[in-house]
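In the two complexes below, chain A is the common chain; its partner is chain B in one and chain C in the other.
Presenting the complex of A and B:
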């Protein structure tokens, strides 16, 4: 009985920190009424040195258009394995994309930056449309994009 | 006997009247090349450094049609879709399964997110568009 309790305590002690290592984070992107087709958006993270770490979301399912998300494409070579399971539809002009992801705590206050690349058919590509440092203090603060994104924010 | 003979003469005359102008207007493959230099293709040079004499005039203008590319698909692409400036021959914008292109990624909810260290093991991604 004692060994069972000890095992239970041990597994609980090992599991609880693991649960606390990630939290749901909501990323909200609102597009301008730019008057074009749906926008492809790539949301990805770079580290303090600017090196690509990984992707968080891809709005737009056809890989043949990914080259227009030029910064993301340069970093990944357009590899679909980078965005398997985190790809959804493109986002129409004036619409709001709201994604809730279970993100690692280690992403925040550690020098990481979240980037958004945007592209719209027959309109100018917009790499690095948004770049925001991932910090606890920055949560809930809306930032404006360069061309297509009216506002972007993340909430924890 | 006179009637068939006159019919034969009439039909021969008719054939000659129609056929001779057509015959004389159409270029002949047996016609010898003009004595001029023919067409010079820029950039083509013979081994001696002189511009190569690529094709005699009779082959390029009056006679054989020489295609630079056997693909006559390009014009069709442009007519059907002026926005398609891709170099591919058989893939159109609406095709999802063009050979040689990367596959489309798996949509959210069908597979787990990539193991890139950014995601926890908790709830799967949720997406909403308003």
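Presenting the complex of A and C:
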């Protein structure tokens, strides 16, 4: 179980009482057969004003490619502390990335948006590939990304 | 030491380097193909104009990228569907698919990670480090072999694999250093060991809030020529806080989408610029010609690996394993061996064993590549050398005399020279004597007096060993058992007899080619590969000393053929002349790379008498390319010992032989082959001026007479046989 508690606690205004109430959330990202190398994916949350709140996951280990996840990179300046301990391998075409995290209850139904930025070597950079509001009602609903993501959903 | 650093990493990494360099060579073609196929560039075009053209055709454009090759790709969204294409800058229209080439992607991943992720990248980086080591150690070895750095491009001599290795290496090494050094830089960058990360400026806190200015009107983009563009990112439609992102060769910046102002800018750091240059040098992207050259150099690596492995195998075979051979830097006694066929190495091994048993620390090494500075602890040098032909250095002693001459001063440790040879030859131990003479001339102190060993005599060797033992204060008992060479059995297929009427019993003996195992075929051992002029060592019954005969056939002929003359009382020739078809002999092959026609179209002038016709006939038989070959052949009487008489007529008809001149020493008008040369002096001189290669085979007296005649013939042209020999254009095989 990957814990988001620490990173969110550091970077957001979601304070201690809220954190006491957390639940495991599974994020499932399935890529389409775009015909290229493994995709780098950045999963992160913004608040109602569009301001960056924190990162949930970074698929892809080489920081020199992070600038191609342009929205995430712009928001964080590529700060490695944002993804410390929540980094994994890039995701191949047609493959599925499934991660389970403890997300604070307070993130749901409060105007927060979950974003996925995607980039593939020698192919299009796709910032904001997916943007879904975090709501209890939206859980389990699959959405399509713009270029690489065949379906994305979160389940509680 | 350098050789060990070259050999072992090279052998161990052979397969890895073959994969890396072959994939690299194929990849080097892509940038060239890309710049050839890319739509023509428009000189002076600005990024603003390019963006406007593309936006007019593809209104949903999100991103424009320009590859170092000049190829421009645009990515857009139209009606919710992503699109991409290679853009013709003249029209802004997509003219080709922008999908990555699957083959190229696969090769890239093989090349940089063996398709194994980070673990593979580390292996590949280690491979690059090995390649760099091989390039540097190899360069030092080439310099040593050629006789110094200034002679880097001097003509390389020597047998096949070694020469090919040097010739390819000294061209390819420049590219290989560049490729492997840049590969290491790129690996260091990938593993974040270099501070060359992105340096995007901080995102602007405030924007104008306006939208809708066309990129074609933005001053910053108008001032950025397309030739400097790397990437232009468009803002999200409808997001007033978003901006244009511009990346160029110089840096990265943000442009306001409402008023076109440059909101922020960051120059590339020095590290980033260096990394971009390194990337270009390694991949050839943006430098396609260089890339092709590097690819060609990389293609040399598998050949270098193969020839290198063959060289190593050849060296291993030609010398016995010497147990407990001490490192050069620590040995008190240094044995320097110059052996032609390997028997001198056998003596060296015996001496090594005896000295080591007496408590000495001994290093044995080939005398070629001798460098006194390597032997820090040496208290004495012992040189054991054979002689090749008329006093030449044996293969493993090439360049030794020049090295003695080139030393700053003679080493302090004294020297003993022992020559190996056969007293029946006039140039008995001539090379060993030359070594002795040259060394004393340089003031090199004497350990014990010069001595010789005749026909591998164990008695001679033991006698010399006692003198050496006295000088060292050791009881040295050298018991040498000459090693019987590894032989194969040859079965006589047929024989043709000549010369009975002229008191010169001669026969052409043709043996069946013994089958070669797969391993022999791969490594060229046994009878797997040979050419006319190579030597057949025959072990007669009742002796362990082989006799050598020049081969009149090559491996491609499918048989082993020699020409033998019966000598009164000759042990080996007597046994051979008594062979009937189906009879067997024990024999082995010894390459004789010096006596080869060499490739090319230069005319060949073949001169021989008696049994010397053997290898010359083999060369004519193999001349399928119809290179102009002239043969001068001396015999006793055309009716009795005209060896290969019928074949030579056939070969002449087929164009394998251009001219045939014979001389008969008996009969109405006796004359010799040198007389035949003199009679056609003008033609001979013309051929030599046209670059002819001269090959002489036969008895010693005939060879001397031929050299004399050629000296006269060539004098008007200002050439001498000695000059031609120095150029390697005049070779002899005499007995």
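Following the convention adopted for this analysis, the second predicted complex is superposed on the first by the 136 of 156 C-alpha atoms of A that agree within 3 Å, B and C clash if a C-alpha of one lies under 4 Å from a C-alpha of the other, contacts with A are read in each partner's own complex, and residues count from 1 in each chain.
Heads up, the rule we're going with is that a residue touches a chain if its C-beta (ideal position, glycine included) is under 8 Å from a C-beta of that chain, and two chains touch if they have at least 3 such contacts.
Predicted model only: the values in this text are computed from it and were never measured.
Set against each other, chain B and chain C touch different numbers of residues in chain A, with B touching more. In the superposed pair of complexes, A:54 makes contact with chain B only, with no contact to chain C.
By the touch criterion defined above, A:64 lies against chain B and chain C together after alignment on the C-alpha atoms of chain A. In the superposed pair of complexes, A:31 makes contact with neither chain B nor chain C. Look at A:86: by the touch rule set out above, it reaches chain B but stays clear of chain C.
Of the two partner chains placed around the shared chain by superposition, chain C is the only one that A:147 touches, whereas chain B remains out of contact. In the superposed model, A:122 makes contact with both chain B and chain C.
In the superposed pair of complexes, A:78 makes contact with chain B and with chain C alike.
Across the two superposed structures, the residue set of chain A contacted by chain B and also by chain C is 61-64, 66, 78, 89, 121-122. Taken in their complex, chain A has these residues touching chain B: 18-19, 21-24, 45, 53-58, 61-64, 66, 78-89, 91-92, 95-104, 106-107, 121-122. Those residues of chain C that touch chain A in the complex are listed here as 62-63, 75, 77, 82, 84, 99-100, 102, 105, 109, 117-118, 189-190, 192, 196-198, 200, 202-203, 233, 236, 241, 245. By the touch criterion given at the top, residues 35-37, 50, 61-64, 66-67, 70, 73-75, 77-78, 89, 121-125, 128, 146-147 of chain A touch chain C in their complex. Those residues of chain B whose C-beta lies close enough to touch chain A in the complex are 83, 91, 96, 98, 101-114, 116-130.
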